[in-house]
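Scroll down for the structure; my scribbles are underneath it.
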Amino acid sequence: MEHLTAETFDQNARAALADTQLRGALKNLAVTFGERRQAAIATVENWEDLRERARSIKDETLAHLDKYLTDFADNAEKAGAQIHWARDGREACAIVLELLKERDATKIVKSKSMATEEIHLNAALEKTGIDPVETDLGEWIIQLAGETPSHIVVPAIHKTKGQIADLFVEKVGIEKSDDVDVLTKTARRILRTRFAEAEVGISGVNFGVAETGTILILENEGNIRLTTSLPKTHIALMGIEKVVPRFTDLDVFLKLLPRSGTGQRLTTYQSLITGTKRNATDEGPAEVHIILMDNGRSRMLAHPTTRQSLACIRCGACLNACPVYQQIGGHAYGSVYPGPIGAVITPQLVGIGKTKQLPFASSLCGACREVCPVKIDIPELLLHLRAEIAEGVTETSTHKFSEKLAFGFYSFAWSRPEFYKLGTKISRLLQKFVAKDGKIGKTSGFLAKLAPPLGAWTAWRDAPTVAPKSFREIWKSDLENK
Amino acid sequence: MNNSEAKSAIFASIRQNLAASLPFDAAHHAHHAPKDSTFTTPVLPELSTENLIENFRKNLESVGGNFSIVYDESEAAEILLMMIGEKKARKIAVSDSPLVEKIVGFLKMDAEFIENASADRLFECDLGITGAQWAIAETGTLVLESESERHRLASLVPPVHVCILEAGQIRQTLGEILELVQQSLSRTITFITGASRTSDIELTLAIGVHGPGELIVILIDKTEEAEN
Amino acid sequence: MKISLFITCLVDQLCPQVGKATVEVLRRAGCEVVFDERQTCCGQPAFNTGYRTEARKFAKRFIEIFEESDADFIVSPSGSCTAMVKHFDELFAEDENWRSRAARIAAKTYEFSAFLVNVLKIEDTNASFSGKLTWHDACHGLRDLNVRDEPRKLLKNVRNAEFVELKNADVCCGFGGTFAVKYPEISVAILDNKIAEIEKSGADAVVACDASCLMQIGGRLSRLGSKAKPMHIAEILAAQE
């Protein structure tokens, strides 16, 4: 299947809007996760304090990221983990490949990790003939379907159980059933054989503790525990922003993340892994490798607004709360990270050139900021990126010339009362050609071409007309000296 | 792979970008500074063992866990025997916890108890028995430390996980437990809250996707005995 | 108490009756109301589309004009434009002087309904309106200014009116400034959820504190031929039906 790109966001979105099945699934998502989250946050008294605390821990970490990363790496190494550094996705993929080659390993199980999605690790492995097996149920489904995740937490939310049933019939040869339990048990049965033979397990990391070198991974299914327990070698890919200073800081994040993400008080499993096993006869992998990856993250430190992006704990709450995401889903964003957080992270990770539409794909309503457990001001970030695009701090030569001209004109004329008043008069004259009964109906053809925003507006909505007498005129005649 | 080169490049970039941010930090801080001073951990009343058990039970059951309370190891063995019978379990994976060993020692039955099972044999087990080092009442969570007990696979691979817990191991909050386990940090610590679950298909809850579909906690509360 | 009106360009040009109603309610509450005719736009369209240089020009002009006034407060019948004034200081991250001037202006600027309830301590404006009313929380009023209870208190005290709560009152209407014309299909898809709930509520008037949301909601209601009318809260509070 062809993957959508961010460059065609507008077309992707239109296609998504026409997909009634998708929109049904998204509605279910918004309602279900919205309600579960509300119920879960009601179980803690100091939710707002927790958010503040989490943010200040993240801010403190990011302001001294060099120190905390050093501590994390040193302590993990002391406990027997091997640390690798990757400047970008290419380097991270190369490190993984090298580790696999050295171990002559071809049987790989993977647990869900946005970081590995970000660097397209599976594609890199497949190029060398290695087929890693995704073991998270949702990730496995989309891997079988040859698709990409459409949500950070529930990657296959765009698919119905009927579609999944057909997929299983085709790919794993079961008899058709759209009983969710049967489908789940099928995944269990088949993936167990993969776990049994796996030589290397690859995971992501939710939090890395500087003080102890511990990595924490959260999940519900148990596939992460299997991935990190059964194979001889465990490779964990970790973004450099995942570090937190103290072990007890985990308390705050463990209260915030599950409640925000799935509306649980705690996910079913947490694995806290500090280096390798102490004795060769103990359970678990003989080797633990942690790849610390930058891939555009350190750049985000350069401004306090963009730096907030690195506080994200990937809970997905902003997706569920976003009216835009609720209408179009994740694939339309054409990037690994969809929704509001995706619209701010993607342009920073891959460059603004090909992702220019994303920061504009928001009504700036602020619902994302309201639910964000670490209080990322996503609207502020969107505006920051819009300014970079509009004002040409980055590659923006193709940014619409007509828009620039329009805003230049607007800023000239509307900051001068005499021009502003003249504008009102001209509008009154012009609207005579299009207005009827005090409103402007559907405008098409020549007029819509002449003024595209008017055409876009009136395709579905009537537009108001300029009043016969403006407020300032009424003020002068009726109000001022009353 | 020249790793030291990558490492120094990343650190240089971190420092350079943080420095570039300095002129903007103050203005941003004025708007967005977290009001950290307001943060207080709610002070909880000292809870009796009875309260802790009750809270733990309630929260464990709210995530679908099964809970029984007994007053000693032999009673625990009786319950265990009943459960093994009910599940018709023939092969049982056990951890190396002395408590589990002791209780399993009481059992007179022809099921096979396997300690330190290989991966292949684990996949054939019908049930896994472990102890736990701690439990968190506020979430109904079991906490298992690798250096106290060989728990990682026995608690995960078989379709049913039975955990034998002692009343004194329960604490009310996650925060208390993090402080406790940090004192001598095991290489792997596992938190378990309920049975393995997924909502990946249409957000419909399905139990037992990769881990156990059933979690059974048998709590030994010896104060019960004293009172009896 | 002296109030300097910040009327906003949408109200000035498209719905001047809202400005008139604002003046009436404030005068009825005993305020002296003045209007500086030099004011135009707060620059929000430029700011929200990324044109900060332009937005800065508007901000400076706004600050200069309102600094000259001896009014105690600046009051605006728009949550969105009030929020913009509160954002002015962010435009001057590296200019301490303008930043503090912006902050001083922002501190005395209020959204109309919040001003009535929180500053004037008025929850009943003696208004009377026959019909069923419902409220739409405009996003900037709600999330930037934290105005949630104030308009509801005011509306619940309107004589002859019945107040009904919308199920999705606090969800965006899909306007979002240039978003509404850059991505009209998404904008209208969001809007239609709002419209469906308005229709379900059976309201005669959907009330909000922002002309922009009312233009979006009203434009669709009008196109669909709904009986529900968009009304600004100032119009309701000034009404004597």
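When the chains are written out, they are named A, B and C in that same order, and each has its own residue count from 1.
The working rule: a residue touches a chain if its C-beta (ideal position, glycine included) is under 8 Å from a C-beta of that chain, and two chains touch if they have at least 3 such contacts.
Just so it is clear, the model here is predicted, and its values are computed rather than measured.
Visitor: Graph shape for the chains shown, where an edge means the two chains touch. Line, ring, star, complete, or other?
Guide: complete
Visitor: Per-chain Cα mean versus the mean over all protein Cα atoms: which chain has them closest together?
Guide: Chain A is the most central one.
Visitor: Go ahead and name the chain pair joined by the largest number of contacting C-beta pairs.
Guide: Chains A-B share more contact pairs than any other pair.
Visitor: List the centre-to-centre spacing of subunit A and subunit B in whole Å, with centres computed as mean CA coordinates.
Guide: 29
Visitor: Can you give the whole-Å distance between the Cα centres of subunit B and subunit C?
Guide: So the centroids are 51 Å from each other.
Visitor: How many angstrom lie between the CA centroids of subunit A and subunit C, rounded to a whole number?
Guide: So the centroids are 32 Å from each other.
Visitor: On subunit C, where are the residues touching two or more other chains?
Guide: Answer for subunit C, listing residues that touch two or more other chains: 90.
Visitor: Quick check: what residues of subunit B touch more than one other chain, meaning two or more?
Guide: Where subunit B meets two or more other chains at a single residue, that happens at 24, 28.
Visitor: Could you pull out which subunit C residues touch subunit B in their complex?
Guide: 89-90, 92-94, 99
Visitor: In the complex, go through subunit A and note every residue touching subunit B.
Guide: So the residues of subunit A in touch with subunit B come to 25, 28-29, 32-33, 45-46, 49-50, 52-53, 55-56, 59, 63, 65-66, 69, 79-80, 84-87, 91, 94-95, 98, 135-138, 141, 154-157, 159-161, 164, 180-181, 183-185, 187-188, 191-192, 196, 212, 214, 220-223, 225-226, 229-230, 240, 247-248, 250-251, 254-255, 262, 265-278, 282-284, 292, 294, 298-305, 307-308, 375, 377.
Visitor: Okay, in this complex, where on subunit B does subunit A touch?
Guide: Per the touch definition, subunit B meets subunit A at residues 1, 3, 6-7, 9-11, 13-15, 17-18, 20-21, 24-25, 28-29, 32, 34-36, 38-40, 42, 59, 63, 119-120, 123, 138-139, 141, 146-147, 150, 152-153, 156-157, 174-175, 178-179, 181-182, 185-204, 206, 208-212.
Visitor: List the residues on subunit B that touch subunit C in their complex, please.
Guide: Result: residues 23-24, 27-28, 30-31 of subunit B touch subunit C.
Visitor: Sort out for me which residues of subunit A touch subunit C in the complex.
Guide: Residues of subunit A touching subunit C: 10, 13-14, 17, 323-324, 326-328, 360-367, 369-370, 380, 383, 385-391, 403, 407-408, 410-411, 414-417, 420, 424, 427, 439, 441, 452-453, 456-457, 459-467, 469-476, 478-480.
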